[in-house]
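Have a look at the structure below before the remarks.
Per-chain residue numbering starts at 1, and chain names A, B and C are given in the order in which the chains are listed.
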Amino acid sequence: MNQPNLVELNNITKKFPGVTANDQVNFSVRPGEIHVLLGENGSGKSTLMSVLCGLYSPDAGDIIIRGTKMQFRSPRQAINAGIGMVHQHFKLIESFSVAENVILGDQSIPQVLKMHQIKNYLTKLSQRFGLQINPSAMVWQLSVGEKQRVEIVKMLYRGSQVLILDEPTAVLTPQETGELFRTLREMTATGRGIVVITHKMHEVMEIADRVTVLRRGRSVATLEKQQINQQDLAWLMVGQDILRQEKKKIPPGDKHVLELKNVHCLNDQGLPGLTDISFTVHSGEIFGIAGIAGSGQRELAEVIARLRPVSSGDVLINNQAITGCSPRQAIDHGVAMVPEDRLGTGLVPNMDAMDNLILKSYRNKSLRRGPFLNRTLTREKVNQLVSRFEIRLNAPDAPVKLLSGGNLQRLLLAREITSDPQLLIAVYPVRGLDIKATEAVHNLLLEQRSKGLAVLLISEDLEEIFKLSDRVGVLCDGRITGIRPADATGVEEIGLLMMDAQNQGETTI
Amino acid sequence: MKLKALLAMAAVLLAAFLATGCGGEKAKETANNQTNGEKLKVGFVYIGPVNDAGWTQAHDEARQYLMAQLPYVDASDYVENVPENPTDAERVITQLVEQGNKIIFTTSFGYMDPTIKVAKKYPDVTFLHCSGYQTAPNVGAYFGRMYQVRYLSGLVAGKATKSNLIGYVAAMPIPEVIRGINAFTLGVQKVNPEAKVKVVWTNTWVDPAIEKDAAKALLDEGADVIAQHQDSASPQQAAEEAGKLGIGYNSDMGKIAPKATMTSPVWNWGPYYVDTVKAIKEGTWKSTPTAGSLTYWGGIKEGIVGLAPYRPMVPEDVKQLVEKEQQRIVSGEWDVFNGPIKDQSGAIKVTAGQSLSDDEKLNMNWFVQGVIGSPK
Amino acid sequence: MIKLPGTNLLIEKKLSPDPAAFFVVPVISILLALLVGAFSLALSGRDYQQIYATMFSGAFGSTYGLSETIVKTIPLTITSLGIALAFRMQLWNIGGEGQIYMGAFAATWAALFFPVGTGWWTMPCMILLGMLAGGLWALLTAIPRAIWGVNEIITTLMMNYVAIFWVNYLVYGPWKDPQGYNFPLTATFPPEAILPTLGVSRIHFGLFLGLLLTVLMYAVVQHTRWGYEIKVTGESVSAARYAGINSKRNILLVMFFSGAICGLTGMTEVSGIAYRLQPGLSTGYGFTAIIIAWLARLNPFAIVLVSFLFGGLQVGGYIVQTSGIPSSMVTMLQGLLLFFVLGGELLTYYKISKAPASSGQDT
């Protein structure tokens, strides 16, 4: 603790049109610590780190690196000063090899590349920190977790003393997350400082040496490890206690709302995307689908919404086959869906809230006036929805792309829920949402469940699955590796099922 | 900031614009002085730019000649690059009338309909349309017997070819062009019955790149003389680059491709314009067709068409032959399309002792024997 | 955000443009273009003030000029409306020119070669067949686009040439006027096939058709369910699919109507202006319409306005030639205007502001 801080940010202020993203924020990184930067979406975490790694120049405030005041005019200067950032969206060139990506932008290497030496060096470097990578592999062949490792190695190769990771676990499986945390620990042992940006509470508890909480661009507290407890952090983050609503224990109904019978389909590459999927979702039930990202979740949702053709098998809604239906007929059968891609598929970015809210109901008789849309009636309906679902619109006719993530999701859910569906498919419904918005979405889903709606919840967050689901189905490599009642299973078992095919190739239950 | 700044910027610009504008007053006065209201105003509508070294330039030189010859004429109003579509041409012609022009020359075939339409609205203005076939009491149709000169240039080409293949880069398959190709071929075959004339259509009057490509294609096929019915000199340049010979058109293209172009059939509208304007002013002019559908169809005799000066590669005996043939035409004893003439299939089209009427010449849509290509 | 070097001014992108900027920016752009034009005119020793005045009054200042500007506005408006309809669904119909020619071809057939001759039915048939031909011509590119996703930019562009050559073939060949001295023209239309004009001017009935179409287009696009579908599909294909909108059907329909409207331009041009079919009928209306539709942001009423200004620009351009300005200089002026207006478009989305003093000292 006597060594100078690796990084000190003093009174950083950064303004964007209309918002002050950082307002006199202080932040520091000590050698050998993992410093978690916690905050809701839009609280200014990413901006602060972008200032630190030279992407933005602050409107006011000082950046002090190892006791020297610095001004970064470009990310390169920050890298030279030993600051490295692993962005949420990786900055890798897919068609290059790992080694080529790592040395990209490195001006110290000679014109004639000695790839052999570089690869050896990278192998050593990655082994030292328990980061398994193959320097010769092509990036497009890598999984998300591997890509992240490449990004980290890239920063280590460039001599980063301070490593910033922006939501590193968002794309990882629980196992991969564990590995990452071990790697981070090993890096701090060499005196490096790590900054982890997150909004996941349990991660804070697991790895943080110190926590800085940001709220609305201001730093509200910096706590040492021994001071941290979940309740306080949550309060600091949102400024209010989270209402933990217990799942209502009304048992699900026995009506088969959704039934899949031996469904097979192809993915976008023309390879088997789903293999022999069979399960049933009942009225008043939330059926959670767990699985590593890319195990067939998207295909599953699309097959049910009739956005993807089935190669064999049947999809039934209320015992009626909809396998050959168009997306529109599926909607008419009562299939509602909150898609993974909210802004672009679920909502039309450049249209206003009103036009977005009628996206599925615009052909209803009630909104018609001859060939015309009944705009007056539509506006009324929209106003009702906006107040009922507490959607905050800056201006009624502003394009929805200007709305925050939470508002977008409320808008989307409002539309899907009010369409009186039989089945609601919710794909990653809280991804990227802050705690408050997450809570609101969860409450809405539970409320619909209690009203008898069948919900298919596809999520990457086991915490969420366990919190909401009545039963959990696990997808692995396009197959269902197990279906368990949520009360009678645990994270351990589900985690194992998620890895199923990779380990034993156990048969379906 | 935003809006106010923009408005402020607009104001500054406007002020700057007005301030610099004051200097222009004098120029305007002198410009006005030049246009004298007492003079007889004559306007011109051109298809191309006045410096195209071709069709339009020939008309524009005649316009300047007209001004120089008749001091009472003000022919300073002309509009160039007027496309041959109905919307624009009619408006441009009307504008010239509205600007006080009493005689208007419309110098491309595509202006025929617009000229007739405008003429109906302005019976006291006289219109002269070049190369068309419609006339009205106040609309005359005029043209020149370019085919006579084409024939003479064909004599030169026929004597010059060694491969016995002559390339002809031609614009559009309309009678004017077909007539020229036929006359040229008759000239070629007169001195060299073995020689053939190969035609490539470009479907454009002026497009240097396309014209050059067409000429190159003909050269590749073995042509060693390139003739043309195009407004740019690029076919001649192609011939020069290939070390071959050529026959230009419109103006003396030997200036542009001196190593290739032996001579060029050229237009000389000046004397006709002077005569016509004089006649209209004196009230002796009539639009009645005299040659086929045309009010006026002058030839070598009238001086409206002719050959540009020969380049040194043309031998003396050829010049004498051309001179002899030209005498025959000027004297009226013979006029190119005198029988016997066979068409491409070898069938007799004009029997010996007969000749084509002006109407038949103006309607021509068939090729004579010796032409390779289709008149379509 | 970019800092202008040597100043403390910042260029920032705006999330949504200022509504006022839509009007102010083009006006400034035009002024700038005129200013630059004035400098080059002055450099070549010409009186730009008089030239500008002539240009303006020639296009808008007299009854005749104004009427001619409107004549030019008609085909531009109708074509731009057709193009804008397709653009709204992000169908890039670059084939307006060809569709104009096909419309002109079918209208000519109805006027000159209709099996039962001419009569009261001639005009309605010309309109219907002209639109049908333009629409079917566009449909030829829409079908491969809908089924196999074949890029319509390339196909529509290529189909232009096919249509133009088809019309050329007809006027140089089978449809050549027998009385026309073998010139590439069809015979003149009978009186039944000629659109009525307004008084002595050349403003023809097409103006009414154009305005009617403008209102119709606004109503359809803004207020019908189909218009809503077009808008959604144009903004996001995946959202349209998700909402159960049949994109394939809409691709076919939209392209058909887009082509049909362009076909109507061909009809009004032969029937209102040329009175016969001939080569060079359209001076690139199909292409100019792309710029107009874009500048007007696909808004039907704005299209009328922008078309009118474009028409004026072209009409004014010929008028100044008689004041001794070579046409190349006029073309340069027109180019400047377009360059500045299109360039200014970009600025609508940016604002310039003063940088805060503190960061000004930093750098």
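Keep this in mind: a residue touches a chain if its C-beta (ideal position, glycine included) is under 8 Å from a C-beta of that chain, and two chains touch if they have at least 3 such contacts.
This structure is a prediction, so every number in the text was calculated from the model and none was measured.
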Most centrally placed chain, judged by C-alpha centres: C
Result of counting contacting C-beta pairs for A-C and B-C, higher pair: B-C
Per Cα centroids, the chain farthest from chain B: A
Distance from the mean Cα position of chain B to that of chain A, given in whole angstrom: 74
CA centroid of chain B to CA centroid of chain C, Å: 33
Averaged-CA centre spacing for the pair chain C and chain A, given as whole angstrom: 46
Residues of chain C touching chain A in the complex: 12-16, 219, 223-226, 228-229, 231-232, 235-236, 238-239, 241-246, 356, 358-359, 362-363
Residues on chain C engaged by chain B in the complex (per definition of touch): 18, 20-21, 24-25, 27-28, 31-32, 34-35, 38, 42, 45-50, 58, 64, 68, 71-72, 75, 168, 172-173, 180-185, 200, 202, 269, 273-276, 278-283, 314-315, 318-319, 321-324, 326-328, 331, 351-354
Touch list for chain B against partner chain C, complex: 1-3, 5-7, 9-10, 13-14, 16-17, 20-21, 23-25, 27-28, 31, 43, 49-50, 76-88, 90-92, 94-96, 98-99, 109-110, 113, 121, 132-133, 172-175, 178, 203, 293, 362-365, 376
Chain A - residues contacting chain C, complex: 15, 17-18, 57-60, 71, 73, 305, 307, 326-332, 337, 339, 341, 344-351, 355, 358-360, 362-363, 368, 371-373, 375, 398-399, 402
